[in-house]
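Each of the next two complexes has chain A plus one other chain: chain B in the first, chain C in the second.
Entry: the complex of A and B
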């Protein structure tokens, strides 16, 4: 090793460092931490997913959608390398489709999250692949529509169920805000307002680029389908979020 | 020993005729609710008309193949909706896709053993099409499959006109279903109607027996 002690252990996911780490996985997590923020919350009979899309160019008319519908009742949002996020969205869609083909029922969100985490974990085990540089938040309903479901899968393959979760550049301030919420009693519209507020709030703190907000939800009002939040509600949520920030600054 | 590859050589559980016509405000189709097992009237309460996204389909022939076709089309419609770009298939487009699928399968000498009727609308005009197990397809304001092709189609062609009201269309199809009930061995007196409006609104009526049938011995009937 001509570059000094400890170097050369980060070239592939198939190599451990001397103290037993796989650096490639940590780099993948870094890729997520350098990207925009995504939030998912599970309220009373609803799931709301939100993401902020940094305005990469002044000439950009409208950013491409980032929240994806995977099956009728399941959606995802993500943070990290955009291309990896899209690949994972398509991978999930295919998984939902093949599950439905085989079992003739919609894939439960938990099963999808487990399968996705296996896929992502597998990419951390050999030198042939690099890990996915993306964290995925899956939200939605199972076919019986009884309970909202929310899972987050990280590049390492870690996957847990959450009441609320966040990922991206400002995941910790977002989590602090999420922890203050009374989640089991949060109605769908209220949840939309909250996600918009938090995304604006955490963005404000880091004072960087302008951004575009994208929200999607699944609740009784949408027939438990995962769809984008209607533009009218989105505008109202953004306005309320901006007003909240102004009032806070004046106080 | 290597056994030769075999295909479905005959359908097992089958549905009989589906008839359909366009009317002023959409398309109306009808079928019975029977799925036969050979000549046995085995499943007597099966809904054979299905609403899929922008269209309504019904089929005669193998029922399991029809179920599979239903799944294929549902998947197609769903996948388009996931992309959230506002694009939706129209009935003629889905029909074209279905025709390609049917032709592909006949080219593999392994056809879906059906004759499928598809109803919908495009650009404010009603659409009604029909495709068979060879992939032969056409669109027409009157369509009938199975035995209905022989018995109902002549009646439909004679009595159909473009500005029919829903009531007139209903009465005409009822008349066809009555003729089929008299003459088709593989049908029962439980009939279902379904319609799709020009706005894409689908209504599937609950199945009901046909009224106005007459079963007196022919000699005693005085024809009007």
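Entry: the complex of A and C
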């Protein structure tokens, strides 16, 4: 056991520290802050999810996909431990399926986010679980297709609805950029361009890590389904983002 | 007297002999331009014995959804109780009204799961955010949406009437009249339907009104004669009479005597 106040209280999620914190949960949040960035925005009639995937090896052909489709109209992106993210994606898929099997309607995004947050919160209460080291952004449409939905669930089990949200290493600069947007009037393609720009903009140049961009969306053009952004549009968005950065550097 | 190994076996043998407690029934649901009406007769029979003459076969699943039950009385009661419980949890999670489609499918799934043990047939009617809906969930548990639907043993007598009479976009009053007439016709021809007509009217503003029609309209001559006789016996309320006739005495059906009086009389 080490020294100092609170030491020795971080060995299990089932133990409070003397000032009422659960250190295991805070460590899980740290795990998210050490990973790449994920962004979700809710535009006028669209949801766009974006994530940057660090190129971990020069020999890697292509990074594995990180955005997941959970049910027809709902997608997710995430930051944190990659294996935890995948486990949660599969958990959500299972939940969507069982909901549909039981009620014969698609699960509303809010209900999915609440159920996911219960699952994640449960992993913060007992000593035989480790909290999930992942923050999940859920985005998509409910069955009536009326309004885009966006929710973020954190390792502690906190879940809120957002107009735009970010998580990962540079979540604060990303949030600063997101706050500048006129979200209620943002069209689908414009939103894709914006997400690509922000992910490039917040990328830490000094670390000089190559990264790959992955974008997915749900909007009227996709029939409200969650699908990857078409390669042609993705290329265009990346090009525009790089041009924006060059212009900024010149100025 | 036959000996039974257990009381359960005795009960099942008795039920088998009587044919179980059935809702030999006439039920109906119909959509109109601002909601949906569902109705039923009120007879529950055990073979030829009327076990209950004022049964309520319309069960409220949620504030905006009703189910009309037919088949085995116990089976349909237990299934609709379960579904009511499930739907309450569901609408709490949704924080909204649940859809009629969900309710119908939930009944259908349960009925299918227990199809070997249960005899159920439902009409699910209600109003949700997408408007009024009627789903028919008959014996094999398909779920079928229909603008109007009839069920129970009495329904076979009135298919022709309903086909000929139903119109789209009826008003509420027209729809109530349609359902009342159709059920009356079924109740007069079907031996295991009868009693009063119970109605539930659900409108697009999520209001529900229950009605009880104790004096269903009669159509055939035979039933008119029967009704006149019953009215004379004081079983039915009198028809609208002119004021001069209103105060005429009506014959009581039974003369109830105080206990002991008969013994004292010579």
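What we mean here is this: the second predicted complex is superposed on the first by the 241 of 251 C-alpha atoms of A that agree within 3 Å, B and C clash if a C-alpha of one lies under 4 Å from a C-alpha of the other, contacts with A are read in each partner's own complex, and residues count from 1 in each chain.
The criterion applied here is as follows: a residue touches a chain if its C-beta (ideal position, glycine included) is under 8 Å from a C-beta of that chain, and two chains touch if they have at least 3 such contacts.
Remember, it's a predicted structure, so these values are computed and weren't measured experimentally.
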On the A-aligned overlay, A:163 touches which partner chain: chain B = first, chain C = second, or both, or neither? neither
Partner chain in contact with A:236 - chain B first, chain C second, else both or neither: neither
Quick one: name whichever of chain B and chain C touches more residues of chain A. B
Using the touch definition from the top, say if A:145 reaches chain B (first), chain C (second), both or neither. neither
After lining up the shared chain so the two structures overlap, which partner does A:105 touch, if you call chain B first and chain C second: first, second, both or neither? second
Chain A residues touching chain C - in the complex, by the definition given at the top: 102-105, 108, 111, 114, 144
Enumerate the contact residues on chain B facing chain A in the complex. 71, 75, 78-79, 81-84
Of chain C, residues touching chain A in the complex: 90, 93-94, 98-99, 101-102, 105-106, 129
Seen from chain A, its contact residues with chain B in the complex are 65, 68-72, 93, 97, 100-101, 227-228
